[in-house]
Each structure stands twice: as C-alpha cells, then as structure tokens.
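By letter and in written order, the chains are A, B and C; residue numbering begins at 1 in each of them.
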Amino acid sequence: MPRLMDLGMERLTNLLLEMGKLSEQTVATAMVAYRTGKSLQEVNKWSVQLKQLDDQVSDMCIELIARFQPVASDLRYIKASLEISYGFYRYGRYAHDIMEVLDTFGDLTTCNPEVVDAAAEKTKEMIRMSIEAFADQDVDLAKKITNLDDYVDNAYRDYIRSLMKSRKVNLRCALSTTLILRYLERIADHAVYIGRSVIFIVKGEEPSD
Amino acid sequence: MMNERRETQGAVAASAQGFAPKAPGEMMRLVDFSAYYGSLEVLKHINLSILQNKVTVFMGPSGCGKSTLVRTLNRMNDSVPGFKTSGKVLLQGEDIYGPEVDPVLLKMRVGMVFQKPNPFPISIYDNVAFGPKIHKMTKSRSEMDAIVKDSLQKAALWEEVKDRLGKSAWGLSGGQQQRLCIARALAVRPEVLLMDEPASALDPGSTAKIEELMVELKENYTVVLVTHNMQQAARVGTNVAFLYKGDLVEFGPAADVFENPKSPLTEKYIRGSL
Amino acid sequence: MEKNVSRATPDPTPTWRHPSVVANHKARTFRSLVFAGLCVACVLAVMIPLGDMLYMFAYRGIQVISIARLTGNPISATPGIGNAITGTAILTALSGAMAIPLGILGGVYMAEFSKGGRFSEALRFCADVLAGVPSIVLGYVCFLAFVVYFNFGYSAMAASIALAIVMFPYVFRTTEIAIRRVPESIKEGAIALGSTKTTMINRLVLRFAMPGILTGVLLALGISLSETAPLLYTANFANYNPTSLFHSQLGYLTGVIYLFYTSNLSFDVQLSYLATFVLIMIVVALNVVARLGLKRFSKV
C-alpha cells in the first residue's frame, strides 16, 4: 500500500521528467535556430515555462518536508530534486541566452559552425544522459557524464586560445561563437551536477572529485 | 556534532569486539546480551554502548524488545516470572547481573520514568522526598528541602509548584505529573535515567517540554530513551539504536541513521514502509 | 398477472416521523417510567418500615434514658445496662485486637507475597467458608474448645476468641481486595526508586488501600457488635462486671436485648429497648467516625 507521501513524491518525479524533456527540447531548438539563422521564439517561451516548473518543484519539496518529515532516501531525493530542477531550469535559461546572442548578432550562418556544432553535439548528449540517469536512477550512467565534460570545456578554452593567436579576426563571429561556447560549457557543467545529485540519491554520499 | 559521531563510532566498534575494556566516555555497555521469557528469546545477542552525558534512543516497531531492553538496564525485569538473561550488562565496567551487585542499590544509580505518569497519592513534596527518605539520604529537614527544590528545578517544575508543595500530586496536569516523576527519579541522584516512552501519554505542548528537558538533562545525567515516535528519536537522540524482533539492526549517531541508514531494514522502518 | 413490485420510490417522511417508530418510542418511554417507579416503590417498601422501627426504638429508648440507667446494672436499685455496655466494649476491643491485625497481615500476605499456588487458593477458600458458617456453630465449637477443653470457663476470653473467628474472614478478604486494587504503576514507581517490597507496602500500599481496609474493619466490628448466640455459649450472661478475663462471666448489650425482652418485670423490657437504642447509636457513631476518617484519607 503506498504511503501518503508517495503521491507527492510521484508528482515530484513527473514534474522533473517533464522539465527534463522540455529543457532538452529547448536546447535542441536553440541550436537549430543557430544553424538555420532563424530566430525561434518558442525557446523563450519554454525558458519561462521551465522557470515556473522550477518554482513548482521548489514548492512541492517544501510541502513534502513540512507535512511528512521525510528521512533517509526520501530526504535525499528531495534535496537532489531541488538541485536537479535548478539544473533543468538552467538548461533552458542558457538556451534562451543563446537565442539572445542570435538576436543581438543577427544571422550567423556565415560563420564557421564547426566548433559550435561539435560542442553542441557533446552537450546535447550530456543533457540526454543526465535526464536518463535521473529517470533510471542509474549511477554508472551518471558517472559517465563527467567524462564528456572535459571535451566541452576544452572546446571552449581551445577556441579562445586560437582567437588570441590568430591575426585576422571577424569580430562578429568571434564574439558570438565565444558566447555560445561559453553557454554550452555551462550547460555541460550543470549536466555533471545533475549526475552528481543522482549519485547522492542512490548512494547517500557526494562522490569525491 | 562531528565529535559525537566519532565518539559513537569508536564505542560501537569497541562494543562489537565484546570484551574490550571500558571505552572512554562510556557509561553502560551490553556485551552479547540476550534475554528470555521462559523459552522465548526476546533479545538476541545485543552489543551496544551507552555513552555518558548523551541521549541514547531505542526505537523500533511494537514487540521489537525495546521496552524489555531498557528494563533490563535497571533490573526491573527481575520480578517477571521466567525471565532469564545471558551475557553481560556493564555499568561503569561492572556487570549488574553479577553476584556482588544489589538490585535495590542499582536502582539508585539507574533511575526510571514510565510511560504513564505514576505519582504517589501523597503531596508533591512527599513524592519527591520519597526516594531520599527511604534511603536515608538526609539528616535534617533543611537538607531534604534542598534536595526537593533542586530536583524540581532540574525537572523544570519548581516555578509551577513552589507555592503548593503540600498539595496532592494528583491535582497536577498530565505533563506536570510526568515532570514530577522525573524530579522524583532525580532526587536519588542517579547516574543514568531511563525513560520508557515518557511523552506518549501527553499532549504535544507537554511533549515538547519533556523533550527539551531530556536534552537539558543529558548535561548532568546519561539519558536512555525508548520511543516509538521516530521524529522524537530524531529530535532528541544523540545516538539511535534500531531494534527489530529482538535484534539490534543498526546503531549510530542520529544524523547518520536518519539521513543515510546502513541497513535496508532501518531504511524501510524510518520511511514508514515496514 | 405479475405482481408489479415498485422499487426506489423515495419515502418523503424521515425515519423519526414514521408512525411505527413513534409508537415504539412512546411504548419504550412508558416502560421506562414504569420500571423507574417500581424501583422507587421497592426502596420505599424497605425504608418506611425501617424508619418506623428506628423511630420506635428511639422513642422507647429515650423514655427511660438516664445516667443511672446507663451506669447501673440490672440488679442495682435503678436497673441499668452499665455492665452490658462495659461488657460489649471489652468484647469488641479484645476480639478486634485479635482479628484486625491478623486479618490485615493475612490480606497483605495474600495480595503481595503469595505466589498464587494451591496453598493460597486453599487459604482463600477456607476464609470464604468460614464467613459462611453460622455464628452459633462457631460459638458452640468455641464452647467445646475453650470453655471446656482449655478450661477457660465462661469468660470474656472465650467469647472474644469466638468473635474474632467470626470477624477474621471479613477483614482478611476486604484487605486483600483493597490491596489488589492499588495500581501496579504505583508499586512499579516505588520499586524503580529502590524501595524494598516491605517499605513500599508500609509507606504506600497500605496508605492507598486504607479506605478499603477500613471498610472491612468496620464491617467486622459491626458484625461483632451484633452477635448474640456465640456469646451466650462462651460467656453466658452476668449482671455484673467481670473480674477477670478467664472464668468470669460478663454482660453484653445483645444479651440484654435477648434475655430481657421476654421478662415479666416491666423495667427489664424497658432495659431491652434501651439496649437496642444504645446499640443502634453505637453502630451509627461507628459509621460516622469511619466516614470522617475516610474523608481525611481521600483528601491526601
């Protein structure tokens, strides 16, 4: 027989899964906008939605704590939910920031998309892994997310270094690419954090770095 | 808090060895202790360390043996027919079931407060003075007055009753009666205070007062608490022992047990899905 | 033709207005009143004759009451019941001194120290049987044993022993019951403070059980005051005060009532009424004292 708290916990899980899907979609759409040069306003709408969902998750967690005095794995799950919800919200937020870059700089299809595309692929993979690790409570998958993070970090840093070395720089492309890479790097970081939260739920301890 | 965790873990390790010498800061220790009602084994090979000036909590579902366990600590179970024990219960290194220990004097060192407040049908003063009187602890009336006042103060009851010490104890409210029983137990100056679900018959306000009292009392006494209220165990306990069907399933600092319990059985119990 | 049973037609009147329910209610109320009336009638049927009887004794007793009557004995110039009062007092005191301590200690043993085995069961059974034995039989047994065999002669001692035997079971049983009613939690509380069993009993249990014990004592005293037959067998009857506890007869109030009522001498009959009156007063006084004593204990 399910406990009284289980209804709330299930609702919490569903909220998070919804947020995961939505944030994945938002980031993917933002990257499509980058590739096609067309500004897609859905991204902004979804980003706002994600903020609202984050608030809902926060309220739900507070209510569960106040009403049910959760302990052990329930308590860890609630703490992790707050962190993971924030992570999904940030996915959406950075996607929104990428859209702002497009709005500010205009059509970027003339710039070399190689670096961004590669970084975006890895980032989207990391997003997918973070959502799946949470949905399945998969510790091994969560640990693997960290491995991909280095790639995105390096992509960002290497690009900046190459800019500093080169003679001729197209300011528009350079700035926009830098910003977008920066945002992708932050998304990747949040994916790592989400992986860590999943490990915390299952194992009960923060993984040592 | 962290120091308490380390202390407990050290004591837990020591008691697991069974016959290790008295660990520092340890008040009582159960060594491979089992208890039987006739042929029924109600406590199974318990190894447990009760630290001085801490609140040790026994919790578990009904019938797990926690009340039996706490009553063996002051030999209240001796009068139950067919009750047998094996193993040792050490108080400051001395086995209380050994031949040299007088059960009557033991109760001066290990006092007890019961689930339902049981004040005697005499005045408040006489209730508190009962213990010192029968043990002839004082020589003069003023000495007795001092003990009564001190005990009532330690039980956070003095201010409420100081003007009516001669009135019957049965005129007090439930929460006051329970604090009177605590004062009565403290009057004989015990080292350990056993509390068997002391707040379960009280309303939430009185319960909160008793819980605050327990935390205060641990400064001067060693408190052992039995409760079926998990949140109370979490609020009040320094170390928490989880008992199930006579077995000691888990024992550790309260924060550890309630955030990240080692045993899946503990996890099930505290989450409410046992 | 099929019977067309219609269902689910909503009933407009609520259940408490249905005529059958209302009629039933009226009948039940009536029966309750009849029953209550019968109870009151029964009480009156008992109380009225009792009151009448008391009034008669009071009336006739007060007619002849005087200091002389209360201090003299039947053969003095002013016939009185002084020796009877003294005799009753001696008998009550002596028998009480024997039966009450034994009864209380026995009750304490049964409630606190016995292990519930066959011995205790047998003891309790014997006490119950003893309570049911007619006092005249006990009187005769005591006659054979103490007056004859042990050669006390007709005496206060033999009579007191007989009375004590009559009184003992009541004190014994009520003490045990009163002590058993002391809540276990109180006893546990005392043990947990390091009290030994005897200390706990003396200081707490007896105090708590005192109302019950007192009731038993009163019951026993009341019984001893009302006995006649066993006294006749063991102490005979005398018109003077006894000179010793052995081989010396004495007078007692119940004896006066029995022996003088059928006398030809008119003032003997009056003495009989006076003795009745005095005895009733003593019993009333005993109960009043007991109630005051109980109040004092309950206040604590």
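As a working rule, a contact is a pair of C-beta atoms (placed from the backbone, for glycine too) under 8 Å apart; a residue touches a chain by one contact, two chains touch by 3 or more.
Since we're looking at a predicted model, the values are computed, not measured.
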| item | value |
| --- | --- |
| Chain A to chain B, fewest steps along touching chains | 1 |
| Chain occupying the middle, per Cα centroid | B |
| Chain separated most widely from chain C, comparing mean CA positions | A |
| Interchain centroid distance [CA atoms averaged], chain A/chain B, Å | 51 |
| Computed distance of Cα centres, chain C from chain A, in Å | 92 |
| Computed distance of Cα centres, chain C from chain B, in Å | 48 |
| Complex interface listing, chain A residues touching chain B | 3, 5, 69-76, 204-205 |
| Residue ranges of chain B touching chain A (in the complex, touch as defined) | 230-231, 234, 258-261, 266-267, 270-273 |
| Chain C-touching residues of chain B, taken from the complex the two chains share | 74, 76, 79, 104-108, 111-112, 114, 116, 118-123, 130-131, 134-135, 168, 181, 184-185, 188 |
| Chain B-facing residues of chain C, complex | 183, 185-186, 188-196, 199, 203-204, 207-208, 299-300 |
